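Pasting a structure below so you can have a look.
Order as written gives the chain letters A, B, C, D and E; numbering starts at 1 within each chain.
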Amino acid sequence: MYEWGRRRIKYESELDPAFCQTLIEKTGNDSIRNCIQCGTCSSTCPVSLYMDFTPRRLVAMAREGFHDEVLHSFTPWICASCYSCTVECPKEVKITETMYAIKQMAMDKGVHPARFPVPVLAREFYHQVKANGRTNEGRLITQLFLKTNPFKLIKQSKIGMKLFFSGRLDVIPQKIKNITQLRTLLKAVNGNGGGRAHS
Amino acid sequence: MSDAAAFEPRIVAFFCNWCTYTAADLTGVSRMAYEPNVRVIRVMCSGRIDPEFILAALREGADGVLIGGCHPGDCHYIEGNYKMLRRYRLLLKYLRAMGVDERRVRLEWIAASEGDKVQRVVNELTWTIRELGPLALPVMPQPEGAGASEESALAEANA
Amino acid sequence: MSKPKAGFNWFASCGGCEEAVVDLHEAILDVVAAVDIVFWPCAMDFKKDDVRAMRDGEMDVCFINGAIRTSEEEEIAHLLRRKTKIVIAFGSCSHMGGIPGLGNLFTRDEILEHDFTQSFSVVNPEKTYPQEVTKVPEGEVELPRFLDYVRSLNQVIDVDYYLPGCPPPVALLRNAVQAVLSGELPPRGTVLAPDKALCQECPRLDSKPDDLAITEFKRPQEIIIDEEKCLLAQGLLCLGPATRSGCGAPCVNGNMPCTGCLGPTSRVKDYGLSTMTVFASLFESKDEKEIDELVDKIVDPVGSFNRYSLPSTFLHRKANV
Amino acid sequence: MSNNGNGRTNGSPRIGVYICHCGINIAAKVDVERVTRFAETLPGVVVSKEYKFMCSDPGQELIQKDIREHDLNRIVVASCSPLMHEETFRKATANAGLNPFYFQMANIREHVSWVTKDKDLGTEKAKALVAGAVRRVSLHQALEKKRVDVHPDVLIVGGGIAGIHAALTIANSGRKVLLVEREPTIGGHMAMFDKTFPTLDCAACILTPKMSQVKDHPNITLWSYSEVTKVDGFAGNFTIQVTRKPRYVNEDECVGCMLCIDSCVYKQARVDDEFNQGLSKRKPIYIPFPQATPPVVVIDPETCMQLSKGKCKQLCAEACEKHAIDFNQKEEVIEVQAGAIILATGFKTFNPMRIPEYGYGRYLNVYTSLEVERLVNASGPTGGEVVLRDGSKPKSIAIIHCVGSRDHKTNKYCSRVCCMYSLKLAHLMKERSNAEVYNFYIDMRTPGKGYEEFYDKLLEEGTHFIRGRVAEVTDWALTDAEEGKMIVRVEDTLVGMPRRIPVDMVILSVGLEAQPDADDVRRLFGVSCSKQGWFTERHPKLAPVSTATDGVFLAGACQGPKDIPDTVAQAGAAAAEALAMIDKGFVELEPNTAFIDEEVCSGCKSCIPMCPYTAIKRDDEKKVAVINEALCKGCGTCVATCPSGAAQQNLFLDEQIYEEIEGVLNYV
Amino acid sequence: MTYLYYPGCSLKGTGKAYDESLLAVMKKLGVEQQEIDDWNCCGATAYMAVDQDRAYALASRNLALAEAQGRPNGKPVEVLTPCNACYLVLLKAQKRLEEDALGKRKLAGALESAGLNYEGKVSVRHPLDIFVNELGLDALKEKTVNPLNGLKVACYYGCQIVRPYSTFDDQYDPVAMDQVLEAMGAETLKWPLKTRCCGGSMTGTIPEVGMRLSFIILKEAKKRGADVIATACPLCQFNLECYQNEMREEFGEAVDIPVVYFSQLMGKAMGLSDRELGMQRLFVPFAVPAASK
């Protein structure tokens, strides 16, 4: 949001020239260098209207090293992973993957915007998988609201009840048989980020 | 395998004048860098390439050979490339029988506009051969080699 | 003036070449009359020491047949070289490695193991292998070393001339002897046979189509061979187009394809590759799969194209073994 | 193998080696000094020198001086690709009195310095290539180029503006031209346009006079509705087979009165009119447009009752006083000779069905730019009035740029003309309909004489320019204003906000693509083409209208998207190149032909089926193969095949190649 | 051929009806299936977004299990994956293991330490792909006993079924579901929102945005006269159906319209009972109108 008197200029010394490269290594492809700033991503995106920076602007900023703006932006947290930007991009920029990478970097640095419960959801998701091998939607949602906005839980309880009575809410989590194997597997992977998601 | 790091393959390439040689020029014009291990010999048509050249190159110390011709149907001389293809398929069988890894001799169709393909193919072949290691064809002692002096020594001893 | 001194020797070969000398029939008397045979272990009792005793270059000409496989053969080859003015590699084995040369498809150990333990006719439960030195009550007995590979004669010593063939055709031998006697010899290194391929003297050449395209390969036992028609046109692997002439095409006249014993003409560096090239180029198909199907019909490309010449190819022997 | 003698064919070589810096093009990645010193150590090398630009006059003089002073008899230049400067250095060698084929080139620019990152490795590679060239050149032999007379006629394929202009240029110089056009009329795409940018000349006004000149020119033979089906021969002497499709109307008789069309049993025109892009209908017997050249009707066998069903009252034939209609006309195949060929086969427009997001084919009022060209054309289906399919007038129009251009999923390249023609259409639409016109562009590209000024003019006219590539043309409305309209979803990238813009009409500025049969055509003429199907010129800068095949030239958009001024300029250039070749009267052929050494040839006939040009015959007397030098094109396939080494190829002797192999491998 | 079936967590929870109806329909069609034993969570979007490598590991375990249980016999093992998110993640992992040598090496090590091995012989398929491209529409027509005549269906594919790795249908305007339901007599809507995002997990995380996205889809389907929306994703179905009351409160406009799984409609046409198809689990009840019978 614009504040009166706040300066609107970027000095070269404030930029992180290595930022783009870091991001590229994270996503494993250098497609964002191909961006021609045509805006197809932003116009095809169903949620770009809720973002602080459109995906196109985020790519432009990432490429030029606007480290702070990019990591603090809530654009990636709004991304719904629908991939329409990725498939429509005329230069085959992997935008969705780039959003993932930005999220991971933001979480690593602990700078993600606090009001977005996505990391909370991810963390809960991770714990459930680690414990049972599968997720339980009911618990997922309950935990999410408990940890972010208990008030919402009350609001949503009506739906919850309905789900329960239509047999669509499993209260008892399903657990896979060979959970040891799964844990060994997850442990063997060198997590490439999101360190906080499973700490 | 510690030698593998130091080993740099020597590769001879035979490129046809019209498609692949021109493509390699385009790779240059487009400044697409590739592994420096390849030495290109220009012929007018892949049909000119005699398998004897390929094996002569291996015998002379090449670790791999690349043959580049026009795509099927595109040969500047109508169908020289098919003749090369036939020789190549038979040659591969011969190489297998003779214990030479067939990945060392590669035939590729590369059109004049495919500068990027030259880059890719040369890199791939170089990397493959780096993994395969030196060809090290068996060498036979040459006339007047060790055997000769041994015999003389033997003869003198017996004399 | 004394008669020229001549020698004959026999290394790794079947003995057929010696037979070819005998095949001179009455002409052999002329040879004997014209030269002094000072060394011919096959026919008369000569020992190594007899050769050693000669002066260097004492023999005017020596015909050497057979490839080099053992240490003894190598030693004697060098010895003969020193004692001889003109060394003539006599027959395919000596010229290009010959049939024994196909031993280069295997390692020495593979051959020994097969021959002394696995062969049908062998019973050798203790796996006894020939030893180079064996102690017997009388002392030590030595056997020559079985070398790692087979070589043609020129891969061991310098060779002056080559008389190709398996065995060399009598006519060529006669010409060679005459040339030696008259002293009218071509440049060193020459193969003493016409420098044109067999098709030149093939009686069936006219039946060879101008637009020959190979669509199939047959083995001689699979078809009834037309006695008039070009063998290649009948789908047989006839190596005539790539092989030196001078033999009078006895195989073709006997209704069998040429197998290439006279080796290549002078411009060819690798006989097997050269023959493969001509056949492959003549395949009809342009489709990789079909080509491979045809290639599959050539069961043994090395044996088919390098029957007599494996050691003198670019590769010499099977690699990476 | 040492058992076969391999005497060198030439006596003691005295070789001069010249290494080029090419400014820093080579010197940056090759230590030229080191390579020069290395070359001195090679056998036979008498002098080894380096120079900044070998191809320059002083560079060439350096070689010539050395030839005379050091009595050199062999020259090696290590510089760029032989395809670039081999001829230059051969001439330099010849000017010093040496046979030009005592020369060999090592390519240390395209194949070394430009593709190698490390200078040491580049230097090593350059050394290897120089060694190969030195070893090879010592076996070079003196050769002579063969001269062949040139046939003076020119064949031009394609009768769009490029073919028309080239044909007129050549015909005006007094040479004969055969112009072959696939469609029933010449004129190509330009004939469909209304106005041309940036001057807004009427396309018909400037094109149709040229079309009639073609028809009337005594030196031009025009074969429309015809295709080239076979090409044989070589530069200066092409034999071309042309297939003339039956138009079922005798071309010499028809006067273009069109009475036949009026009397066709079809009272109503029912067939989509190709010329009007399907926006109007025509009859089975038709003339593509009033100024069609030749002005001869044509019958479409697919829809004509007589030709498709075999049953019709044949009212057309009755109506024709000249009795020109002939239902029995058959396809004709004619063989012609020409010395040079100009390809001017043009382009096709991108089919926007491939981008379903833009709704072409789904929403009625989404048009391609070519359709709109017809729509605004006074002789078009609406007489130039801008109306939608339901007859209403659009109040707002979106023009979407880069449809099928700059897009990895369709065509990666920029089609070059769309920005300008979009501006032209924006102007025309505004002028004719007074609608709000929105241009959606990624980058505005107006590099041409008067082009930027045209853009300025459009800006002044109040047309909207929104920088952003459209994601979607859709019809789901979010606001009342959007109801019943098509909505263009786009990010206004300059504002940084997504926008939804409701419009009545959408114009897709479709890109240019190569003709769908470009691949067959290029094979026919032996030229190469890029992955996208554009014919490849011999050199992008220095030989832009020549091809890899001597005697075949390119004009117009078949070589790549281009606008009318560029097309005409290129057509003139192609005409000039063709004329230069013809007026010289002869062509020189490379001496790299094959020959047979009768001493070695056994007459085994293996080489005969190898030759695609039937240049090899067997001399039954001598029992040896004989190569007809005039027919041989020098591929060397017979040489590689010959099992006894009797067949050899000039400039590519077996021994020369073996020397080069040994040289590049064992150079240290 | 027997397909290996990977239901995913949602089909055992909120998407139970999808599981039930799909299995019933496949049984009726004679498509044999066998659930992958001991499958685990696919590693879906929420996970993929923050810990890519572990997400791939989760997916790979499923692929490895499938490969072992399917006993590849030259042909790839076909894994039937009805949930959009699972489909995308498994497909993405499969592609990565195919194309990215480095990624493969990384994963292979991890799999090995867990006693697993994946050789790349699994092909991930969506039921719609199977119905259209393997079974064929004629087979579906044959099994139709109660054609859905007169029923106007808005086919809603969701985003991840055709993007970005899948190739069986157009990425912008897919038609597989339309073809299936048309073959069974229904009339399908030509509309531009077939693949527009429903909001995904945002209905939970940022409900104001998530609900808005679902609302747009429901409103447009209703406006175009759809009787019912057919979905192919448990999350889409949940978002579109369960929040309809909340949407009415939030946006002041009723968008009540039944939202069912395409497999439920198929089952209706094939004469299966409501119970078999899990119809009782719907929040917004749906019955094929009498007129259409």
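Here, a residue touches a chain if its C-beta (ideal position, glycine included) is under 8 Å from a C-beta of that chain, and two chains touch if they have at least 3 such contacts.
Since the model is a prediction, treat every value here as computed from it, not as a measurement.
**Student:** Which is the least count of steps on a path of touching chains running from subunit A to subunit D?
**Tutor:** 1
**Student:** In this assembly, which chains make contact with subunit A and also with subunit E?
**Tutor:** Both subunit A and subunit E are touched by D, going by the contact rule given at the top.
**Student:** By label order, what chains touch subunit B and subunit E together?
**Tutor:** Touching subunit B as well as subunit E, we find D.
**Student:** Counting C-beta pairs in contact, which chain pair ranks first?
**Tutor:** Per-pair contact counts point to A-E as the maximum.
**Student:** Using C-alpha centres only, name the chain that sits farthest from subunit A.
**Tutor:** Of all chains, C has its centre farthest from that of subunit A.
**Student:** What is the distance, in whole Å, between the centres of subunit C and subunit D, each centre taken as the mean of its C-alpha atoms?
**Tutor:** So the centre of subunit C lies 57 Å away from the centre of subunit D.
**Student:** How many Å are there between the centre of subunit C and the centre of subunit E, using C-alpha atoms for each centre?
**Tutor:** 73
**Student:** From the C-alpha centre of subunit B to that of subunit C, how far is it in Å?
**Tutor:** About 29 Å, centre to centre.
**Student:** Taking the mean of the C-alpha atoms as each chain's centre, how many Å separate subunit A from subunit C?
**Tutor:** Roughly 76 Å separates the two chain centres.
**Student:** Could you pull out the residues of subunit D that touch at least 2 other chains?
**Tutor:** 357, 472, 610, 637, 640-641, 654, 658
**Student:** Touching at least two other chains at once: which residues of subunit B meet that condition?
**Tutor:** 50, 52, 56, 79, 83, 87
**Student:** Could you tell me which residues belong to subunit C and also touch two or more other chains?
**Tutor:** Within subunit C, the residues that touch at least two other chains are 154, 268-270, 274, 277, 281.
**Student:** When you check every pair of chains, which ones turn out to touch?
**Tutor:** The complete list of chain pairs in contact reads A-D, A-E, B-C, B-D, C-D, D-E.
**Student:** Write out the stretch or stretches of subunit A touching subunit E in their complex.
**Tutor:** Subunit A residues touching subunit E: 28, 46-47, 50, 78, 80-84, 86-88, 96, 99-100, 103-104, 107, 116-119, 121-122, 125-126, 128-129, 133-138, 141, 144, 152, 158-159, 162-163, 166-170, 174, 176-178, 181-182, 184-186, 188-194, 197-198.
**Student:** How about subunit C: which of its residues touch subunit D in the complex?
**Tutor:** For subunit C paired with subunit D, touching residues are 89, 95-96, 152, 154, 159, 162, 187, 189-191, 195-200, 205, 208-213, 240-242, 245, 264-270, 274-275, 277-278, 281-282, 312.
**Student:** Please output the residues of subunit C touching subunit B within their complex, sorted ascending.
**Tutor:** Spelled out, the residues of subunit C in touch with subunit B are 52, 74-75, 78-79, 82, 105, 149, 151, 154-158, 268-270, 272-274, 276-277, 279-281, 283, 285-286, 288, 291-292, 295, 298, 300-302, 305, 311, 313-321.
**Student:** If we count contacts the way the header does, which residues on subunit D are in touch with subunit B in the complex?
**Tutor:** 81-84, 107, 109-112, 114-118, 121-122, 124-125, 128-129, 132, 523, 526, 528-531, 536, 548-549, 592, 610, 612, 633-637, 639-641, 649, 652, 654, 657-658, 660-662, 664-666
**Student:** How about subunit A: which of its residues touch subunit D in the complex?
**Tutor:** Residues 36-45, 48-49, 53-54, 56-57, 88, 90-92.
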